[in-house]
Amino acid sequence: MTALLSLDAVSKRFRGLIAVDRVGFTVPEGAIFAVIGPNGAGKTTLFNMIAGAVAPDHGAIVFAGRPIHGLAADAICRRGIARTFQLTRPFPALSVEDNVTIGALLRRPEVGAARERAQELLHRLDLFDKRRRIASTLTLPDRKRLEVARALATEPRLLLLDEVMAGLRPTETDRMVVILRALNRESGLTILLIEHVMHAVMALAARVLVLDHGTMIAEGTPETIVHDPAVVQSYLGAEAV
Amino acid sequence: MPLEVYFNVVIGGVLTGLVYGLMALGLSVIFGVVRVVNFAHGEMMTIAMFIAVLAFSALHLDPLIMLIPIAAVMFVFGYALQVALINPFIRRPEHTQFLLLVALAIIIANTLLIIFGPDARSVQTAYALDSFQLGPIIIDAAKVYAGAAAILFTVALFAFFRLTLVGKAIRACADNYTGALVVGLDVQRLYALTFGLGAACVGAAGAMLVLVVDVTPMLGPSYTLLAFVIVITGGLGSMPGALVGGVLIGVTEALAGLLFTPSAKSMFAFAILVLVLLFRPQGLLGRRLS
Amino acid sequence: MIARLTTGVVRRSTVLLALLLGALVAAPWFVNDYLLTVLILILYFAYAGQAWNIMMGFAGQLSLGHAIYVGLGGYVAATLFVRFGVAPWLGLLAAIPIAAAAGAFIGFLAFRFGVAGVYFAILTIAFAEFARIGFDHWDLVNASSGLFLPVREYAHNDLWRLRGDPTMFYYVILAATVVAFALCRLLLRSRVGYFWLAIREDEQAARAAGIDTFRYKMYAVMISAAVTAFAGVFYAFFYNNLFPEQVFGISRSIGIILGPIIGGVGTLFGPILGAFVLTGLAETLNSVMTAFGLDLPGATQVFYGICLLLVVVALPDGVWPPLARRLGVAEDGK
Amino acid sequence: MTRISMQANRRRMLAGAAATAATLAAPAILRAAGGALRVGVLLPRSGFEAGIGQDCQRGADLAPAILKSLGLPDITLMNADTESNVDTARARAEKLIGDGAQLLVGAFDSGQTTAIAQVAEQKGIPFVINIAAAPAITEQGYKFVFRNFPTAPMILGDAFANQKNIFAAIGAAPKSVVFMHVNDTFGTAMAKGIGAVMPKFNMPYTIAEEIAYDPAARDLSVEVAKAKAADADALLVVSRLNDAMLLTRELVKQRWTPQAILSMGPGWYDDQYLKTLGSLADGPISFVPWYDPHKKLTQVLEAALAKADSNVNLNTNHIFTFEALLVAADAYRRAGSTDPKALAAAIRTTNITDNVSIGPGIAFNAKGQNDKVKDGAIQNRGGKLLTLAPKDAANAKPEWPMRSYLSRG
């Protein structure tokens, strides 16, 4: 497997506070890769740097063989990286279908074709029946699904998911896991996720990276991670095991 | 041109700029906290100016003495306005607030027209036409008094925001709305207080301005625009910024009038505004917005 | 089932629009000259309001200085006509790129330097004022003494040179309003329209969805400016005089903006309805005042202001969205 | 003051009520068969020109009674407010015509006047302009538009002629002047005209500096400092009311009294100017379209105005609005019909010699312009306006040079 995304010694500082400190890892094409860590560990900052919302101070981010650090968010999306937001940001006054259609228009300039694609994705994410609803009226789980659908609509090679399981009931989490796994299997979509719900991480990810205070403290398969003493101490605690 | 002309003009610009700054301060305080752009700002000042004219013509009360009472009246007006009308609009989109305040401006200006008629009104104090002469330099006395009063008023307001509990609470609201709600501050009342204070500033400025400017009911829009320019130049939400912006705009217009054709002098004020927006969008003394 | 319902909605709004259009086309046979003038004013504001709505209603960029495009359009076409005898429709070909270029310049500065929200709005006012003062000093356009168009040839209607009676101007502005409506509908249903809505709703999320927001905001400003330019050309040839104070002034900008806000920002029909409501209101108030023999300057405007206030308090999203729901022709989510 | 303007408004309301009653009472068919001539009066009575518009209205309100006393037929005023806006001016003109106005009068502002002129021309309704100096208005080949007010070049020509008369009378003249003008429609038209007109008069002075300022200026201290620094003998100005007051105050504050202030526009003779500035208002000489104090009708008009508004001095705004209505009533008498075409034909042959303004009287040339109207020179003295020139209208000798501002109470 070739590397789709690789980070090399990426750092970011905010007003003297080091949010991310020399983080480096590689996500192979077609993998599902998880980043975990306690709140404030720098996960979202790391995501924001990959997605182009903020530029790294140091280090390199290479996607599909080309450096992308410092590019604008929209340029990075056009290269093939789509993201969701931890605090969901649908287009509030638009319908569910329009939200996803907008994503699909990136690769399918024809509105009709984009709408068809959006409807397929809404089916996939169990939102088809709600496609005429105004996005701001959706429940949190639906909004999370909508974000995933909109991100998928841009036809990414790499999908960045920022805590899409948070706030979901166990059955909903399982459903999301099934959907994501199917996407990964069928189209070879690479997924990088930040997740607190360890159950989902264990079920999905082939590899896990653990961040704490901006630095990497472990990387490996889920099984090795959960037994890593440093991880257990800093983050997982007794109840997660 | 003789050198003293430059001195005269610059000193005049600084003094007028201070009064403009106080007027703009009201806009700045309101925007900084309530996040509403007061498009009726100039009209509110016109109300204050007419009150000053009435007080002088009916009771021979000097506008500088009336400064505090007029500020108090305008405070009540602003407070009531916020409670009755503006409060439901705080979370609404900007264009809706714009419409609300434009409607208010239309009502104020034309009510004043009906009550006072269209003619320019002024206040002829004993010192209205005095000037101080220092060698070749001549300084307009009324502008000196007005400028000094503007500084005093601003210092008092600054102290209020820094030292009193209510002032600190208002600043907390401005910094973090949700946070203020969480710690149990009565945000709506604080907003009303703020709008009242902003109105008081513009009221005080109006009382001073009648010393140097005649008032007509249609004066509002040009002062609203001036307040925008000053406040954005100095930094929206920054109190010293408003005064600095006022002085900068005052001096710029004065010098531009001297060096170029005076009829185009406000173009230079707009040029400064554009430059500030582009290169220092938070304003000269404003804090950078995230 | 759902499909049948939607076609029903579409058909109903088409029928209503056709009825309105039919009534407007037939209007000159039924109304007197005064009402015809009022209708021209309404359509003029409906047209300009639609143009502004492209920028604000669709792409979410609040322009409070739209008079600059009215003024540029009017002055370019009028100057070409007065100085070189160029017909207004050819003048329009110059006015449109010039207005669009001005829009592009303002947009470029604002969007490149991250000027947004209220700051952007004030920047647009600043440029309109800039233009006003500049034209007040520009001798080629007669500075502040005003540019007058020759109005001699009234004998017959000359559509090519836009010289003629109010009925001709009425049909010109009616056609322009219809074209603008069709254009807005087309834009809103196209890729660019969806991208604008995304930017209006959440610019950061729009960028995350791969939208080059700078470019699409530029399109919005330029198209809006270009469409507005014709309002200026129409103004120049209908009133036959241009004064910088009258065409570039802040009150003209406000006049353009009020209609769409009252009607419903971001809707297709809102700007048109808003123009009817506002101009209708102003004229009705005036007639009522005259009928009661109340000749008190300023009183009409006070009542007008109060009505504006009541509408915005009662219907903050504008008159059209609730009315459309009542009529069963709601514009789906947009 | 408040009380007075309220009274004026109430009176106007009553007049309006009467007009409406008349409208309702008279069926359309009877209109042509005599009765009062219905005149639409369009003035900017709100908005930024409200002051002047309402002042003009005073002249209109006095007209019907005076004209009746002269034995002229009745006229009924139909008042409309243009709100200082071109769009509104046009709509109001259409409305007035729709409501039965048979003749229009207005509208002070050149832009609004042009908009109304087009409506009048299309409808074939005569339009008598009270005040508007832009030359272009009567260069359009209109058949139904008439102007009993001088154009900017005419005002300039008369101003220079009258100045030379005054200089000759006092045996002195300034060597240099600073020319300050407001940068609005009228001010720019005058500034442009001056280059063409002044050389023809071989004036004794040169223009040391030209200073254009903003009509909405909040402060004129810089402008005056600049003018003072030019070190000229006199001040030549074209201004409006507010800026005239601002300029005067700045002259006092900056302690500069020029030999003379020669104004070629409104402002310096306005009532508001005299009342507000008191003794400081004395001295400026205005070269403007004015009344001839010796004419009989002037005295009638002055008396009527004194009765209606004792605080107000007769001025240009009243005179020319009144004269516009005089033209209307006179035409109606001669035409004997309210038919617009007959009225327009009658106006074209107007020859009124018993009028108010200076000059031989009112008559219109082929373009509809009264090219006989003459300007006067008036000086503010002790709160009154004295006429210095032309000779046959004069009732005082000039006071020259101006008394120093610093020596006044």
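Per-chain numbering from 1; labels A, B, C and D assigned in written order.
Keep this in mind: a contact is a pair of C-beta atoms (placed from the backbone, for glycine too) under 8 Å apart; a residue touches a chain by one contact, two chains touch by 3 or more.
Quick caveat, the model's predicted, so the values are computed rather than measured.
With centres computed from Cα atoms alone, the innermost chain of the structure is C.
With chains reduced to the mean position of their C-alpha atoms, the one farthest from chain B is A. Averaging Cα coordinates per chain places chain C and chain D 36 Å apart. With centres defined as mean CA coordinates, chain C is found 43 Å away from chain A. One inter-chain figure worth recording: chain A and chain D are separated by 75 Å, centre to centre, where each centre is the mean of the chain's CA atoms. A straight line joining the Cα centres of chain A and chain B is 49 Å long. For chain C, the set of residues that touch two or more other chains comprises 136-137, 251, 296-298, 301. Residues of chain D found to touch two or more other chains are 9, 45-46, 50, 53-54, 183.
The list of touching chain pairs reads A-C, B-C, B-D, C-D.
Interface residues of chain C facing chain A in the complex, by the touch rule stated above, are 2, 189-191, 194-195, 197-198, 201-202, 204-213, 332-334.
Looking at the complex, you find that chain D touches chain B at residues 1-2, 5, 9, 45-48, 50-51, 53-54, 182-183, 211-214, 216-219, 221-223, 225-226, 228-229, 241-242, 245-246, 249, 252-255, 272, 276, 278, 280. Against chain C, in their complex, chain D makes its touches with residues 9, 12-21, 45-46, 50, 53-54, 79, 81, 83, 85-87, 90-92, 94-95, 97-99, 110-111, 114-115, 118-119, 121-123, 134, 136-137, 140-142, 183-185, 187-189, 192. Those residues of chain B that touch chain D in the shared complex are 1-2, 5, 8-9, 12-13, 16, 57, 110, 113-120, 122, 124, 128-131, 133, 138, 140-141, 212-214, 216-218, 222-223, 226, 253-254, 257-258, 261-266. Chain A contributes residues 51, 53, 72-75, 77-78, 82-83, 85, 89-95, 98, 101-103, 105-106, 109-111, 114, 132, 134, 150-151, 153-154 to its touches with chain C in the complex.
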